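Here the structure comes first, spelled out in structure tokens, and everything after it is commentary.
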Amino acid sequence: MPVAKPVMNPPFNIVRVSHVEFAVTDLEASRAFYVDCLGLHVTAESADRIYLRGIEERNHHSIVLVRAEKPVVRTMGFKVASEEDLDRAAFWFDEQGLRAEFVERPHQGRTLNAVDPLGMPIEFYFEMEQTSSMLQKYTHHRGARIQRIDHVNCFTPDVQVSHDFYTAVGFRVTEYTETEDPDPKLWAIWMHRKGNVHDLAFTNGRGPRLHHIGMWTATPLDILHICDVMATSGYLGNMERGPGRHGISNAFFLYVRDPDGHRVELFTSDYLTADPDMEPIRWTLRDPQRQTLWGHPAPRSWFEEGSFFEGTAVVEPVLEAQPIVAR
Amino acid sequence: MPVAKPVMNPPFNIVRVSHVEFAVTDLEASRAFYVDCLGLHVTAESADRIYLRGIEERNHHSIVLVRAEKPVVRTMGFKVASEEDLDRAAFWFDEQGLRAEFVERPHQGRTLNAVDPLGMPIEFYFEMEQTSSMLQKYTHHRGARIQRIDHVNCFTPDVQVSHDFYTAVGFRVTEYTETEDPDPKLWAIWMHRKGNVHDLAFTNGRGPRLHHIGMWTATPLDILHICDVMATSGYLGNMERGPGRHGISNAFFLYVRDPDGHRVELFTSDYLTADPDMEPIRWTLRDPQRQTLWGHPAPRSWFEEGSFFEGTAVVEPVLEAQPIVAR
Amino acid sequence: MPVAKPVMNPPFNIVRVSHVEFAVTDLEASRAFYVDCLGLHVTAESADRIYLRGIEERNHHSIVLVRAEKPVVRTMGFKVASEEDLDRAAFWFDEQGLRAEFVERPHQGRTLNAVDPLGMPIEFYFEMEQTSSMLQKYTHHRGARIQRIDHVNCFTPDVQVSHDFYTAVGFRVTEYTETEDPDPKLWAIWMHRKGNVHDLAFTNGRGPRLHHIGMWTATPLDILHICDVMATSGYLGNMERGPGRHGISNAFFLYVRDPDGHRVELFTSDYLTADPDMEPIRWTLRDPQRQTLWGHPAPRSWFEEGSFFEGTAVVEPVLEAQPIVAR
Amino acid sequence: MPVAKPVMNPPFNIVRVSHVEFAVTDLEASRAFYVDCLGLHVTAESADRIYLRGIEERNHHSIVLVRAEKPVVRTMGFKVASEEDLDRAAFWFDEQGLRAEFVERPHQGRTLNAVDPLGMPIEFYFEMEQTSSMLQKYTHHRGARIQRIDHVNCFTPDVQVSHDFYTAVGFRVTEYTETEDPDPKLWAIWMHRKGNVHDLAFTNGRGPRLHHIGMWTATPLDILHICDVMATSGYLGNMERGPGRHGISNAFFLYVRDPDGHRVELFTSDYLTADPDMEPIRWTLRDPQRQTLWGHPAPRSWFEEGSFFEGTAVVEPVLEAQPIVAR
């Protein structure tokens, strides 16, 4: 079976996905999208940077917007359980022959910047400036009432390689998709650290590229409301897919694109996965309910477009199998 | 039976309850409550008056706030079906020996100001300035996302008299409460013109006084949200009763008090009553699920306090029977 | 303007749309769909007939299923305000030279069976057997928790003719769609009697045929739930369109097809239209948000397929203009 | 400060609270309550035992009902991360001088039965029989659509002792209540392992006794629905408190009592607590919004009544401070 047993004592302890840094070409347009429309909260901002967080997040930021020439993803950040875990991580990357170096990041403690075997930029930290939760400041809930970052989802040219690497550092597979070959190959995986369906997912495709970040909302009605808001405030063209229900993860979802095309999933309704012996759920690639329980195929853009990681070359995927795409 | 058959061809055609004018002692405080907290929309305002409406209302106003020395209710307005209905109404009030005179009201066409047999001030008009619906301007939905005025509920010293009068002008009873006497008396009635449970309700008590106006929201989650908002923005003391479910009308409700004590019900989940042969639902006074399906008794203030109508003397009720009151 | 002023004193008083009779080819399959899946309540049933109603309906039936060779619509029923209105209706149809005759219908009082100028079969009655409301029998709420019939929507070969006829009998236009010609033509209309967006709607197309019946639910979550239920219980192929938000009527909707292809809309979130001077809302045919506020085009089947009325010939529509259709 | 830093490398790895075994005096009545009313799923049952689980649970049981003479709690079960953790746990309890022994439990692997320092019976296991998730079997969702067990909440005679013990085995405090003494004492604590507000909570009171088990639902509307169901199906008297919003944990809640008086909380809307450096939230005992954000005090029964643990003596609490109680 291509899905490995979880590694219960990984070389270092990753708590969860924590933040993403998006380079954007028009910071004002991005601010309007993320703050005025989606309703994220601004923790800090300067002429060139905006730090955003969801309603329940006490961490300083889960999305960082940085003014730049090209719309790329600079990094995906993961929180580890202690300062010692950072040192263990540095040691482990070094052992693997993978680049990893400590860098300075505003509002974060020591931060280890690294690349995975396919060149995807990731960073680890333990400490981040804390700020106040907006959870019980209900007068400030706006837009989709986004509560927190939930996951990142990436195209990888080799799902098996990504699976093997992230399994080794402790991510556990909750659901996966195989090709329908006699000798099935991994086509997509959903992996977690924090105890729900995913912190990190990979899909076969030209990559590495970021497919989307997932932001969690408390109820499906928050997602229906943001559909209404976007459709009537100039953001109709930014609604790419949904609302709908994924078969995988049971998520109720909406996919939207920011002004630079970075994709954000608004997402709710998955389930607890804390049990280490929970058996991963297997889906086959052409099961139409895999993508959308209710049967709507995703548009082509959803399968093909993604954000580049800064400075990271993209290669063709190893698998040619194709999912069901809307005409 | 104390509940009469509906009068299908009344002397003039009332469409629905339309608006209420509240005299308030601190207009800024009232604006903060109705606009900033509850989320009503301002159609127009001056130094001494604010005209408010809900999301779906195209009529210029459903609540008018007027700066005054004393917090009273100036009038309750009903829309009639045509200009001719105003003349018919004037004729009919005259026939009954009840005062009714045409007055000027800003933003309204000809308006007939009248009193009912118990001295309650009411007014009728056909035309009101029209404004744009906010229903599909979703970015402007705030607070409880109140959609429209639904009803007014009054204390009357004699429910039977109120019943007889409003039946004569076409209101139809949907639900009612009787005392548990061998010869039961009407203790409360719910009457409508527009096809849901009520435009107008009466409860036995010192009166006439306004018990509350009911404002309609689309879902119970809008009401839960305003509970959270009020509880965390200095309005905890303004939450008087609920949220809960009435047995009568099946309404999901929350009762709040404005800064002057005028009571507003946020309300949803009743039902269609368009059929003229729909049998009224009978409740007995001490059925605990009449008030609250879930069993919570209402606080004493809810049974005893109400807003005075300007210039209208209040008398003791004819019935002494008492509902169940929370200790 | 092609939309006429409402007729406030029509020749007879129609209260609302009341019921539809569907001929179905496999009564057991239809029962499974309407009762076990959608959750409608059975008031009565025999070997060849099933009478259904929603949670809040006290009328004996709003959908009648009848075993038959061919899946057609037998009649669409409207409740009038009194027995006298039936006689007035009979007189009026006679005056217009339109067929109308009193027929026997089980569980209904005197029933006037008629055809409109385009041959569409309609019937009128005042009295129907009353049964108990399930509204507060919450343990029996199932499926989509459908509360009541809301409207019927038909293809007509000539929207203007349908508009003129139903305006004459008192239906009032709330929203309409025009072609984008220099001399715009009516392409679709939404008309009501009961005080919300519609009891009856017409769209240009081969007809007369029934496009769908609309059944009202209390919240969008009831509609999301029935999507989940249908998608996981063998009814995925019966989900034709949605869930989504119509621009027209603001309805949150799902369109499903019964085992014979009769179309049912699950529907919520429209607005009160009781005011006789409410200005109809105008849409243009190719406004993409007219059909779906969120931008999803409807499938071709939705524009082309409908149920035939028994014994009624269908003709091509007078207008050739086409809406936006999903590829 | 009375709240200790979390122990990041505890002597053994507890994953989460997993199940509770309730001795009940009328198994049929309990089945009606938990299955027919609340909608839990039966995994297995015999003449004397019923094993229940929520919609998303693949573990064989989260509530076990056992026919008995007296309504007590037999045990509270926790899942550990591996078989080795069981041995580590056995060793550690032995070191502490606390009783712990391996016992047989149907449908579970090796199970370590133990008592905590105050005599509270707890058990640990790694393996449980797996069954199918009902999460996407939407036709089988009923009642409150309970998804899973979330937490257990106990009276303890000494919150500080309970805090110290469970901190030592890795539970982390998310929120706590102190008395208003100059030298404040811990009055209540909420502690977790799985990454949300709690797996285990303690309140000062005669104990050890179980205050309640918390069962998680996806949305507040599921909780409003079960209020309607209970209130109209003979369970009105079983509704003890709520629905409402706790200040602590932000939970939207309803407390109900089973036929023997065991208390169950239906619960949703808390937040992610995976970060090990998340600062616990401090509340003071007489802050009225601590218990209920919306201001309703809890009834006296809620503060005084609880379920006894089988064979466990109860002692008076060390603190005399009292919360706000409804008259």
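Going by the order they are written in, the chains are A, B, C and D; count residues from 1 in each one.
By definition in this document, a contact is a pair of C-beta atoms (placed from the backbone, for glycine too) under 8 Å apart; a residue touches a chain by one contact, two chains touch by 3 or more.
Per UniProt, the chains are A, B, C, D = 3,4-dihydroxyphenylacetate 2,3-dioxygenase.
Only a predicted model underlies this, so the values are computations on that prediction, with no experimental measurement involved.
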Label of the chain whose CA centroid is most distant from the centroid of chain A: B
Between A-B and B-C, the pair with more C-beta contacts: B-C
Cα-centroid distance, chain A relative to chain B, in whole angstrom: 50
Mean-CA-position distance for chain D and chain B (Å): 44
Whole-Å gap between the CA centroids of chain B and chain C: 32
Residues of chain B whose C-beta touches two or more other chains: 136, 219-221, 228, 231-232, 293
Chain contact graph, described as a line, ring, star, complete graph or other shape: complete
Chain C partner contacts - residues on chain B that touch it in the complex: 8, 15-16, 56, 58-59, 79, 81-82, 126-127, 130, 133, 135-136, 147-148, 194-195, 218-220, 247, 250, 269, 271-272, 274-279, 293
Footprint of chain A on chain B - complex, ascending: 37, 136-139, 141, 219, 221, 225, 228-229, 231-233
Touch list for chain B against partner chain D, complex: 220-221, 224, 227-228, 230-232, 236-237, 239, 243, 245, 252, 289, 293-295, 327
